[in-house]
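Labels run A, B, C and D following the written order; every chain starts at residue 1.
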């Protein structure tokens, strides 16, 4: 089975990463590539790391251009996906890398995004309980946010096993590509190299309700998340340091056993051997997530740490993984757990 | 008053930063410089950023060499300071940048350092309640650890005002110079550039009891700290993201007022205007600490974030600041709040 | 003598660096600060590393605002300085960090900048032969470009001593702050971290005629320069690798002697001991230049390498150094040779 | 055809990169992995980016361990390959990533390496004139040095077409992985981040004779190379800025035509469209080389610039490419031109 895939928003970082993976996917043929401001330009100057597509010219993001594909990936700014998806019809697999269809609560959407809620699509994090079932044969996939991917993978085993109190504290460091390719002064190399800084502090970041949605579902009770994102001087990668109080009586063995059970068969999530800790460099450019967990008996907290590549497992790789499931292909087709290091 | 100062351990990062500051200190004349493996070498090849001292030759770290100075700075590996200090006599001001004399609890020392406790010296963090009084006219100063400096400055106002529950959660990112100049494979540029990784997770880091000591003193009750340090791809800087549950009834105005009151007159600690967040680049090479605080009403937590330069305010600058107080000099003599940015 | 200084263009990188130095200059009082798009904003959010000026509000760049100062520093885009300078009158010391008045040849100016030549001011590189004399008591100073500073300091001793053939080859790596603070996609942190890339290849860079002007003057004959600039993943610093064929009969001793003679008494330029090579980290934030030179006897070329901080010695520090000379102050007042390392 | 491959030196950077590529090579089965100091350790802690091999344990580098494979890759320190190769017998394909067999001149070897010359093997740079023919059916391959790969690809078209004078000037910037994984103080992250510095200046670098050998062969006359390597603050990548005087009468069209002709059919070397310049980020983790060339008519020089990943095209990828040719496999099997960017 060869599917023909279009990528809307091919000049950005998510679009470029989708193309990097799709070029190597044995069952995908790359169809239309679209851009907005960059329509009419060859891809070679915009994504110089993708020589096989250097001569492809970006088309405008219209229904006419996107029609006639088996799969359409949307890597568009928030709020633009609903209109495009509606026009594409129910037989096309639409994979939305934006936020529009991730949240189940319309109230959360409106509070964090300030616009009407477009709806909820099957959520593309196969590792969550019931995650794969939701994706089989679906024609619509909401790709998770990069932070929620890292945080949910780190904490869901503790919540699914009933080991953690429902108040999580998360501090995550992200590479700058998570902030996109639009030129803003605070994202200049001169500003970010040599600097760590927080943003969206105090529950303001839009990924917060998505994390709570995932962890609450795993826990079977409402879980709050205090989330602080920070910008780190690296192009890619998320390191999420997550913790929650352990429920009374929880032992280090309980914690280890819960994580081994939850992650044992996962093709892309690896619980590291005890004593080894995640590093974003080890998953650079790969679809892998590294996880480690510890029980801080003095503070009474479970500390779970994950490392992912925000553009791969955190966006484009996760999207391809979910597409594979939806299409009935092997889940790891065209994806790798091998990082580019050092 | 001109004081003659020696630096033991002048070839390392703390020693180099001490010299960078002392060269510009108007009341200090630089005396003996010592090293261990590097004794006999000129400083020019070891610290090429300090041309005024390029021709100075390192001497061995002996009592003979260090004797005859008004001030002796010790930038030695943990466990070596006690023997040196004992020989120097009670009239010399000894400023220890190592950990040996920071902890008041012998039990904590032994648990975290595995050796007999050498004692406790006046603690060199003037901003803490009673901090300056402890330092006036003292002849012995224990310079705080870099992480405890960042964390204590971020959280003591909340604890001193009785606004925070006594269980703090801290995730801090440090530049690599905090790990010292000894060549280890995991500190190679090839390994750290492009990577974030945690270490000493689960309460294992030796700076944890020092943070608890400071925050407990501010709170008037025992405060636990769940501390996760991470290594960031930058040479200098600490960004400490600290939080604790707010005590019932605490408002955002209470929090802001407590921080304004605690930090108002501080020459080196700046509570940023609301909406502006700390960045390590802004304090690069300076003795300043930037602080911001928020109340996450959804999660019910106070989030306090600090940025310092680990080598300046976090080590050598803090040492000079405390020396100034001990000697009766203006506290900011030879120190600056101005960072080197971008 | 206290002089009152204004800075036009205070929100950019050159303006910020001027302020960093002027705050610490014992004979300067900082007057008006101006910006264009940022007029009306407090400096604290624009230059967060300069807390002493955080509450100063930027004014528009007009003659009214700039009038009434003893010194006016212009850190404006190319082509805007002439109009401002004309209005300020002949008694004000105007220090132009832009390119407008650097070139002596109107033809070169027009070829590289595409606009009419505004004139030529005394050139602010005191280390060049006759450099200091040109600056004494002047009321107009053209601050050199950052690359020409690095390249001229590296090569003028060879040309002044008649040891090098008049065809120089220069490859220089610059930190990203040299490209300014205007947000452009190719300067994003995501793009520059982990990447080296050239630009302005083939003699196109506007600093090329300025280098040729300086080296030709030193040589007493026309010197061509093949110049390739590259963008390096660091915020600050220039490393210039410069070479030229040695004239027949030149020995390594001749070369060393020429450099020692030319640089011997310079307060800010240091010929490193043999075997030690320049590094940009060693001059980070300092007004120093590190120089080393070698004779490659196999290829018959003199290789001279310099490291400077592009914002300090390469722009703002050089400007203050020249101002000091023009005002009759000690040349090194408010300036330092000490870098912030590591 | 499936070949069984061993990697000697699997814990270093070259070894790790070989494994990253060989895991994905459809005709290679990975056999023994050896180390020296690390023998007995599992690979998971040494190369955490290679989870499929995490449980493989390193064996000592002995003939017994390496025997019985179809291909043996040697990623050993210089001088150790000859003894190993001798024992392996003439039927095993031995691919040496070290320097031992690269040079044809015993005199050059002895001058630069200070030991007896072990011999000369077919040189693994297929793109050079006659390069592929030399490799077909060979049982011994000398993988080129990373710098000679970058420089030879950039300049051989000019020399093969007789357009350049035989005196080349090269300044190249390398990521730190080129210096290996042995922990040395000057390679610490604290030292290299934010810094550019040269080393091996003045013709001292051991890759110089190898460049001269390649370019002289292309030119049909002896070509000298003045080579200055610099260390750049990035983990991977080489940007080589190469130039030589153009022979009289050479036009920009001549130069362009020569490069198009020489590189037209190359699967891994891409002459960029005019106006686009190489960037190391675009070839991160890929086996591609980006090349651009210009004629600086003012200085009369041909400027050729190349970007490669030093570990991929510069070492392990080049090794696999040559192995493919030697085994009669498609040259690009298991290799990619797609970089990981941003």
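Just so we're on the same page, contacts are C-beta pairs under 8 Å (C-beta built on N, C-alpha and C of every residue); 3 or more make two chains touch, one makes a residue touch a chain.
What you see is a predicted model; the values in this text were computed from it and never measured.
Q: What chains do chain A and chain C have as common neighbours?
A: Neighbours common to chain A and chain C are B, D.
Q: Compared with chain D, which chain's mean CA position is the farthest off?
A: Taking each chain's C-alpha mean as its centre, the farthest from chain D is B.
Q: Take the average of all CA coordinates in chain A, do the same for chain B, and state the distance between these two points in whole angstrom.
A: Chain centres of chain A and chain B, defined by C-alpha means, are spaced 37 Å apart.
Q: If a residue has to touch 2 or more other chains to count, which residues of chain D qualify?
A: Counting only residues that touch two or more other chains, chain D contributes 13, 177, 181, 188, 190-191, 193-194, 233-236, 279, 281-282, 284, 342.
Q: Considering only the defined contacts, which chain D positions touch chain B in the complex?
A: Residue positions touching the partner: 13, 175-177, 179, 181-185, 187-194, 233-235.
Q: Which stretch or stretches of chain D touch chain A in the complex?
A: Contact set of chain D toward chain A: 13, 16, 20, 23-24, 44-45, 47-52, 177, 181, 193-194, 235-236, 270, 272-273, 276, 279, 281-286, 288, 290, 336-342.
Q: What part of chain B is in contact with chain A in the complex they form?
A: These residues of chain B touch chain A: 167, 169, 171, 173, 188, 190-191, 193-199, 201-203, 208, 224-226, 228, 230, 232-237, 239, 241, 243, 277-282, 284, 292, 294-301, 303, 305, 307, 342.
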